[in-house]
Every structure is written in C-alpha cells, then in structure tokens.
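For reference, the structure discussed in these notes is given below.
Labels A, B, C and D are assigned to the chains in the order they are written; within every chain, residues are numbered from 1.
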C-alpha cells in the first residue's frame, strides 16, 4: 500500500485551503454555483478514471450513473419529501447497483465494444427517462427540490468536503494493491486469471464503485441545481467527461479531476460566447487525442515536481 | 504407483464440427515432469486450455488429486495449486518486476501479509536470476527474462502442478538451458509436478520423463521418450526419419 | 400489409445505404468511424449549398454533394485516422472529435434554423394500393443499384479485389504489393459518398439541421453491429431486419416505442454476440 | 379623527420617502436581465423586443428618471446552462428578469430566483407547473409571473373551444384524430381539450403518441387515414415540424390538420418548406391583426427595425418590460416586494391584449383580455386568423387534395 508522497499531500491540502477560502471572499451564488458545478465534474471525471483509467475499459455512458444518482435524490425529495441529505447517501447505492448490473453483461467486451455498449445503455436510459414521464417528469425533469438547511456557502462546503474526500479515497484505491491488480487486468486478463485473481469480480466491483461515486456527484449536483433533468443522462455529458479524463491523463484519478475542475471553470468563462463552447471542446479533443494516455495534467505535475525538487 | 496428481477422462471439445480434442484420457504421475508432444494443430493448446479452465469442455472430466475440477474457472484452479503459464510471455504494463511476481499475493483474500509476500518474492526472483531487476518495469525485460519471470510468478502461488505452455518458445540455446535447468530444480526442491507442452525436441527429450504424443486431437502414444520415439504412428505423423537422428 | 412491405423497404434502404458505408470502413480499415453521422449531415448541407446558393437542379446537386464528401472522406482518413492507426481508441476519439467540430461548425455557419432541400421526385405515387412518396421509391431503387454496384466492384474490379483482400488480411495484402493506404483512402471516400447520397435522398423527406446526423449514425451502428462488423451481407440483412421491425412496431404497437427497438437490439447483440450475426 | 390623521401622515411620509428613494438612485441604470437561448430565433426576438420597449421608455425620460439597460445571459439548451444564466444575472444585481422559452429550464431556475427575491416575467414557457409554485409556496415564489404565451390550462381550453366551435361546429367534422409527441407538456395540454370535445359530441376516433425522433411518419399517417378521422390534431414541440408537415403534404394524407405546432409559428415556415404547410392551422399568439390598437404599429416597427416577422416570444418580452415599468411607477419603488404587489393588480393593454394576472400570477386569458389565435397558412404564405370568430380575418380553407365541391 503506497500512500501519497509528501509534495502531493502538501499541494493538494493547499488547493483545498484555497477552495475553502472562496466563500469568505464572496457569497455570490453565481461564483459558488460555478465552483460547485466544477467540483461535481471533478468527482465525475475522477470516478470515470477509476474504472476506465485503470483497466483501460473506456466507459462512454458515464452519464447514466450521474443521472441515476441525481434522479434518485430528486425523486426521494420531490415525491416523498425525504431530505436531500438522505438522497446524497442513497444515490451512490442506486448508481452503484446499476453499475454492477450494467457491468455484468458488458465488462467482458473488448475496448471499442465496451465503449459502444455503455454509450447505447445511457441512450436507452435517456429515452426511457423521456418516455416514462409520469415518474421522471419527462423533458421537464424533477424540479422543486427543497434545498438543504443552511446557506449556499454551507452547501458549498459540504460539496467541497465530499468532493475532496471522494477524490482522495479513489486516489488511495488506485495506489493500493487493488489499483495495481486493476492495472494488471487492464494489461492482460489471462495472466491475472492464471494468477488466481477473480478478474470479473474485480471489474464489476470497480465499475460499481465508479458508478457509485458518479451517482454521489449527481446527487450533489441536483442538490445545487434543485432539479434533475434529462440532460444529466445525455451522451454529450459522457463525452465531455471522457475529454476531461483524456486531458487529465488516464489512470491517475487526480489528473482527470483537476482537468475537470479547470475545464468546467473555463467553460463557464467561455459563457460569453456560448455558441463556440462545444466547438472549443471538439478542438481540444482533436489535439488531446494525439497525445498518449497521459494527457496534460499528470505529465505537467511530474515535470513541475522535478523542477521543484 | 502413487495416485496421479491430475487425471483427464474422455476429454472432448469440438469447434464448429471439427474435434480439436477427441476423447483424450491421461494421468500425470505426482512429482513427474511429463510432456505433451505433437505437431502444430494437434490440439495440444486446446487440451491445455481445457485442463486450465480457459476453454469450456465439450465432454469428459478432469480430476486434481481426486477432486473433480471440470470447467472450474482459472482463478479457482490457481488457488487449488493448478497454475499455468502462457505461450506468449507478455509483460504487465506499468508494473515493476517485483510487483508482477507479487501479483498473486496482492489479491483480496490472498491471506499473505505483505512482509512475508515480499520475502518470498525476493527469494523467487533470486531463484530465477532476476533479483537485480526487481525494481525495473517489466516492459524493459528480454524475452528470456519474461519467461523466467512468468515461472517466478507461478511459483508465488506454491503450485502443486505447474503447466508450462511452450516454455522454450522464442528462447536462444543458452536461455533454453537455463530455463530447463530451472524446471528441474523446481521439481526437485519445490515438490512441484510439471506438465509441459513443447515442440523443441532436443531439450524436451532431455527434460521430460514421460511423453504423451497427440496427433489430430487424439493420444497416439505414451511412454518414456525412448519408447515413444520408436512408435510407428509418432514417426510417420511427426518426427520423420531424419529429424530424430542428429 | 402492403404498407408495411413498402414503408419497411424504404426505411431499410436508408439504413442499408448508411450501414454498408460504415461497415465497409470497419471491415477494411478496422476503424469505427464516429464521424459517419457528420458525413451524412455535411452531405445534406452540401446539397443545400448547391441548391440554394448556386440554384443547381436537385439531381446535379446530389452528384456534387457526393463528390465533395468523397474528397472529405479521403482527407479525414489521411489526416485524422492514418496518423493514429496504431491506437484503435484514439482513432475512435479522433473521429468523435471530428463529428463534434463538424456539427458545431454547421451550427455556427448555418444557424440552428432547420433548412430544407428539394425532392428529386415530387408527389405521392400509389403502388399496390399504397400511397407512398415517389422519393421513397427512388430511395429503394438507388439503394439496390448502389449496393449492387459496390458488391460487383468489390468482387470484380481490380481495385475492388484489392479492397476485399485488405479486408481479409491487411498485412497479407501489403505483402502482395497492395498499397493499403490508397485502399483505405478509397474506402473512406466511398463510405462518405454513400452517406452523402443517403442524406441527399432522405434529407428532403426530413429536415436539414446541424445535429441531423446523430440518429442515422445510431441506426447505422445498430444495423452494423447486429449484422456483424465488417460483413456487408450482414449489414444488408440487419438493415432489412431493423427497418421492418421498426415499421411493424410502429404499425402494430405504437410509434412511441419504435425508436427504442434499435437501441435495445444493439445492446442485446453487443452483449450476447459482439461479432454480430455474420461478423468476423 | 386622531387615527385617520396619523394614517394620513404615514401615507404622505411613505410617498415622500419612496420618491426620495427613487430620486436618490437616479444615476444608476435600471438593469433588466434577459435569460433566453441566444442561438434560437425565439431567443434573439426576445432580446430585440425587450430592447424596443426599453428604448421607448428611455426616450420618454427613462423609468423614474433612470435609464433602462438590458443584461443578456444565454440559457443554452441544458438546465445547467439555464441555472448558470440566472445566477449570473442575479450576481449582476438585475432588478427583474425577462425570458424563458423551455419549461424544463424555467422550472429549474425558479428556486434560484426565489432565493434571490428577483422578479421573473416569463415570456416563452407554458407549463402550469411553473405558476403552481406560486400557489404552493406564495411567500417564496410570489416573484414569478407569466406574461406570455398562455398557461397550458388556457391553451387546452382554447384547443377544446376550437375543435367544438370551428372543426365540429362550422366544418361539421365529427371524427377527430389526436397525434401527439410522447411528452409531459403534450399530455397535460391535450387530455383536458379532448374532454371538452367529447362532452360536445365530438368522437376521438384515433389517439397515438410518438417519439419526437421518429424519422418517418408514413405508418402513423396511414393509420390516421384508415381510422376514418376527418380532422387531425398534432401536438409538436420537440418534433421537427418541417419533417412532419412535409411528409403529411407529400403523402397527401386525406385528413385536414390543425393543432399545436411550435415549429410552424416561425414566420418563414411556409416559404422554407416550399409551401407544403398550405391549409395547416396552428395555435399562435401574435399576428399582424388589430388584437389591440398597438398590435399593427408594433408589428410593422419590429419588421422594419429587425428585418423579420417576430416570433411568439417577442410581444411577450415587449409587454413584460412595459408591465414592469408601470408596476414600478405604481409601486413608487424598485423593492421587489413592493413591485410584486403592484404587478398583482396590473391591467396593461399590451400588444397581444390586456394583461392581468390571477392569484397564481398566471396570465389571464379570455375575451377582452388575451386570447390564443388559430392561424391557418393560406395561398402565398398568408397567415389568416380563422378562430376565435370575433378576431377572424378570413375563411378557413381545405388542403388542395381535399378541395370540397
């Protein structure tokens, strides 16, 4: 079990402190809203990397689990009046179970086929969400979620804490023996099977964890937006997360998370000329795809650490 | 004759009408080094995959020390001591040599504490002559190193029966000698029964005590290398006069 | 009954035109081309450009659009697929990025307003007592002719046989002196041209908008995966299967559930038999 | 006597202080936030019409001496962008927000508006769920008003009234088919309308819902024809109208058509599909007809200034700015709560009709107030109001292939 090395821990705590200071400087909902959205994206990208980064099985339907978590929390709140706090606890269980169920039939598929299967799975979920509108509110989604007690800054601190803890936990998982085994599985499953590893169990459990964290992020996002809408199940969201992971560098968890944070902030900054936003995304992806799996964030961080040492 | 460590009874598997393995029954003596010989396409690899749970059997049973293990998944067989290696020795990307050997011990429920596992890994790496490269990434190893690394990882599981799939494939003469020597030592000092598929004759005949010859999915001969060589079916199907002489 | 027969044939024809191009690219170049939908949309906009801007007659505009997209297909292969050939996922992502860039560029240049392109054959026709648009019959005829021609080309023409050989074994093909880079370029060009042809004929019956390529893309996916990646015969069979199942579901059950049929079919096929009914 | 004098004093004092408050902030501009989808024509026209009203007020000396300034934020297509837009406007300290075109996005914005106590004048979304919030939680959501188009409740009454009055009453079509996209808004709207029609003896012979992404409506149209229906009521919003109407025309479906078709409200709809929407009727909210004294002059100024005919959101945005300005004058202050109570008893004759709000702060429909218009595409792309009778500008025609003797 390897733990964070010193520099990593110091810098990440400094980043946490910086983010924690924001509500002291401004209590403007718009700024807090952007940061909450960015943190949610960081959780989603980190959770995507947990499975896809480590095992190389690229999941093109991550929005299915994000949406499931958001809708679970929203439904409990709007239909049964169950406080959002419980929703944030239940959502990962719902998404995690869904992850295992979808993982069972699809995880034995190779690269492109797994990507296609997950893409289609989330497309089916999106269509069902629109068709079964009596339950899901159709294109209007589930709105009118009662916000949690306390101010927007209190909610911001909740999201920040959960976000930081989740990403740290996923990073520890990636550094742990389990992370090593997953990397081995990603490299050659047959060798792992012969090394007494129950490859299928590992993949499905990891997919369940990845989905659970995505659902957690989904619930936090619904808690900020106070609505769960079909665009949380869209393939556009899944692709955006894949772009963030590619930019961040796959298999490092913190790479995609940091990339997600910055990209979400940049996207909000680009709000001025909204029309060009997706075009910019497409161009970023065209460039990033030429790089190896390591993306920008991780190599840059290693280079920086090298210079500092 | 002590009970055989591994028995296959009437093993059969067909792919789209063609019987890759048809009604093969063998018994592997405990503590022996047994070899399976046969021309390409004789069904050796399919037979090997049937034994190790990588391919589902069409018919027939497999017993490991009297326990029926037919169609058990590979990881359960590995935990029962039936461990195999692969024809194409591939490095595990992103893992160091030591981590590759440690892999079996890293899984949840492996039940070995870290210190003990690392000690055994160091011992095994030394046995296979890779101690110096413990920290290197496995992608940087030569093909010969990868072969020995694979054997070290297999030994990490303290196997009862080690199934080697063409261990000499892709090796130079010198390396074949070292690997062959290593297999002998394992059998003697680690009390491991060894079953090998190979078609590199000279080393193979020096190494194995009993040979099972398969041709077109069927066992055509069994016995010591000397007996097997004289068997008419083997000569006509596989060796031919000249090949065997020199 | 006659309605199901005819309407089913029309939708199967449109699926076949898209799917055969898509599976040709996978079968020969081993590339899952997510930009295929973008080829479709660009084909429609090219025709819109030729008709609206230059006032060309629909038939000429179709040929022009096909030529333009054939060139685009070759360019995409040369600059966005060949350099990444070694990494299948990278190629997938590269074509995906291309489809995003293409859609957004169309959105910015032409706006989100839906456009319309003229029919080649106007007015309804009654056949077997069924009222069907003449363009629908044209679609069926064109699909049969084009796919038939492609079949002959692959099995008879010299270049066609080279393409067919490359699909069997790319390395082997190179060994016998086939310049696979030309083969891949031709295959991409043909596939893009077929997408443009499909758009030019189906487009007038629907609307031309920047995201119009998405649904045909998903349908082409379902057909190709159900039929078996790389198998042209499989794609034709699956196109008929999907076209008719959707029409029948629309008739007997309700059009509400017709669209989800193809999505479910893809998921089940991927899970049960990834190589599809006839695939490699 | 004593009490009345005190009350009088308080009244005078209040008036004095508020006008002082008003005068004091005369240099700061009045910020009107516009939240809409700037890529869509509906969004562009919202901004243009609001600017028109702002210019008029500024020309007449501004609002309480302060110039009006528009602050535009793009709602985009997703709820995330919609919520982001609202929060951006709130952080820019806008006095009021005018906008909306998609019910889902507006619903998602409501909690953020109510938390910031920012007045919202909706001009494009018709979901009743929006104004239900005012009823459910008045204190929190009293800031939400709908100025345009109409609540779905009123729209479905208008559909029922159209079927009974025009389709059955005047045209004698007893058998009607309903063909709606499978979406919540469509079900909310069509089911009450169908009840009204059935109550009056109309027969719903065919009813089917479809996936808006359906590429080929041939099977659906042939089922409608076979059902013996004489009139078909489509309910389209997400469905691409061009595709639906072209296929209806190209197949010469022997059934006339009229209903809710958001796409066909586009001014260039008839021309861009080559005239194939001939005889299609659709519920609409604005046309160049004397709905009030302001309608035609406003329409002509919009066309001359922006070079195209206004989308249905445009009159809403224009009226919303004026309604807000009047309320501020009556309230004598910019404070949200004061303006809200002033808004509640608005009676403003705008471009579409006289605007008044019910207790759910929803636009009140009805004769003499604001009405939905049933407009039919006729030869040469002319748009003729065929219902309600008192606003009709011409007779209803049939589809060319159904020319009645």
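Just so it is clear, a contact is a pair of C-beta atoms (placed from the backbone, for glycine too) under 8 Å apart; a residue touches a chain by one contact, two chains touch by 3 or more.
Note that this is a predicted model, so its numbers are computed, not measured.
Trainee: Check every other chain and keep only those touching both chain A and chain B; list them.
Mentor: Of all the chains present, none is in contact with both chain A and chain B.
Trainee: Which touching groups survive when chain A is ignored?
Mentor: B | C, D, once chain A is excluded.
Trainee: Can you tell me which chain is nearest the middle of the complex, judged by mean CA position?
Mentor: A
Trainee: Which chain has its C-alpha centroid at the greatest distance from the C-alpha centroid of chain C?
Mentor: Of all chains, B has its centre farthest from that of chain C.
Trainee: Would you kindly tell me how far, in whole Å, the mean C-alpha position of chain C lies from that of chain A?
Mentor: Distance between chain centres, rounded to whole Å: 34 Å.
Trainee: What is the distance in Å between the mean C-alpha positions of chain B and chain C?
Mentor: Those two chain centres are 49 Å apart.
Trainee: Report, in whole Å, the distance between the mean C-alpha point of chain C and the mean C-alpha point of chain D.
Mentor: 40
Trainee: So how far apart, in whole Å, are chain B and chain D when each is placed at the average of its C-alpha atoms?
Mentor: Measuring from centre to centre gives 77 Å for this pair.
Trainee: Two or more other chains in contact with one residue: find those residues in chain B.
Mentor: none
Trainee: Could you tell me which residues belong to chain A and also touch two or more other chains?
Mentor: 127, 131, 275
Trainee: Among the residues of chain D, pick out those that touch two or more other chains and give their numbers.
Mentor: 39, 182, 211
Trainee: Taking the top-of-page definition of touch, could you list the pairs of chains it picks out?
Mentor: Taking the chains two at a time, the touching pairs are A-B, A-C, A-D, C-D.
Trainee: Would you tell me which residues of chain A are touching chain C in their complex?
Mentor: Residues 58, 105-106, 109-113, 115-117, 120-121, 123-124, 127-128, 131, 239, 242, 246, 275-276, 278-279, 281-283, 285-286, 289-290 of chain A touch chain C in their complex.
Trainee: Give every residue of chain B touching chain A within the complex, in rising order.
Mentor: For chain B paired with chain A, touching residues are 52, 54, 73-75, 78-79, 83-86, 90-95, 99-100, 103-104, 106-108, 110, 114, 153-154, 156-157.
Trainee: Could you pull out which chain D residues touch chain A in their complex?
Mentor: Residues of chain D touching chain A: 38-39, 73-74, 76-81, 83-85, 87-88, 90-91, 103-104, 107-108, 110-112, 115-116, 127, 129, 133, 182-185, 187, 211, 238.
Trainee: Where on chain A does chain D make contact in their complex?
Mentor: 28-31, 33-34, 37, 127, 130-131, 133, 137-141, 143-145, 147, 152, 225-227, 229-231, 234, 268, 271, 274-275
Trainee: In the complex of these two chains, what residues of chain C are touching chain D?
Mentor: 3-4, 7, 10-11, 14, 107, 111-116, 118-119, 122-124, 130-133, 135-136, 202, 204-207, 209, 215, 247, 250-251, 254-260
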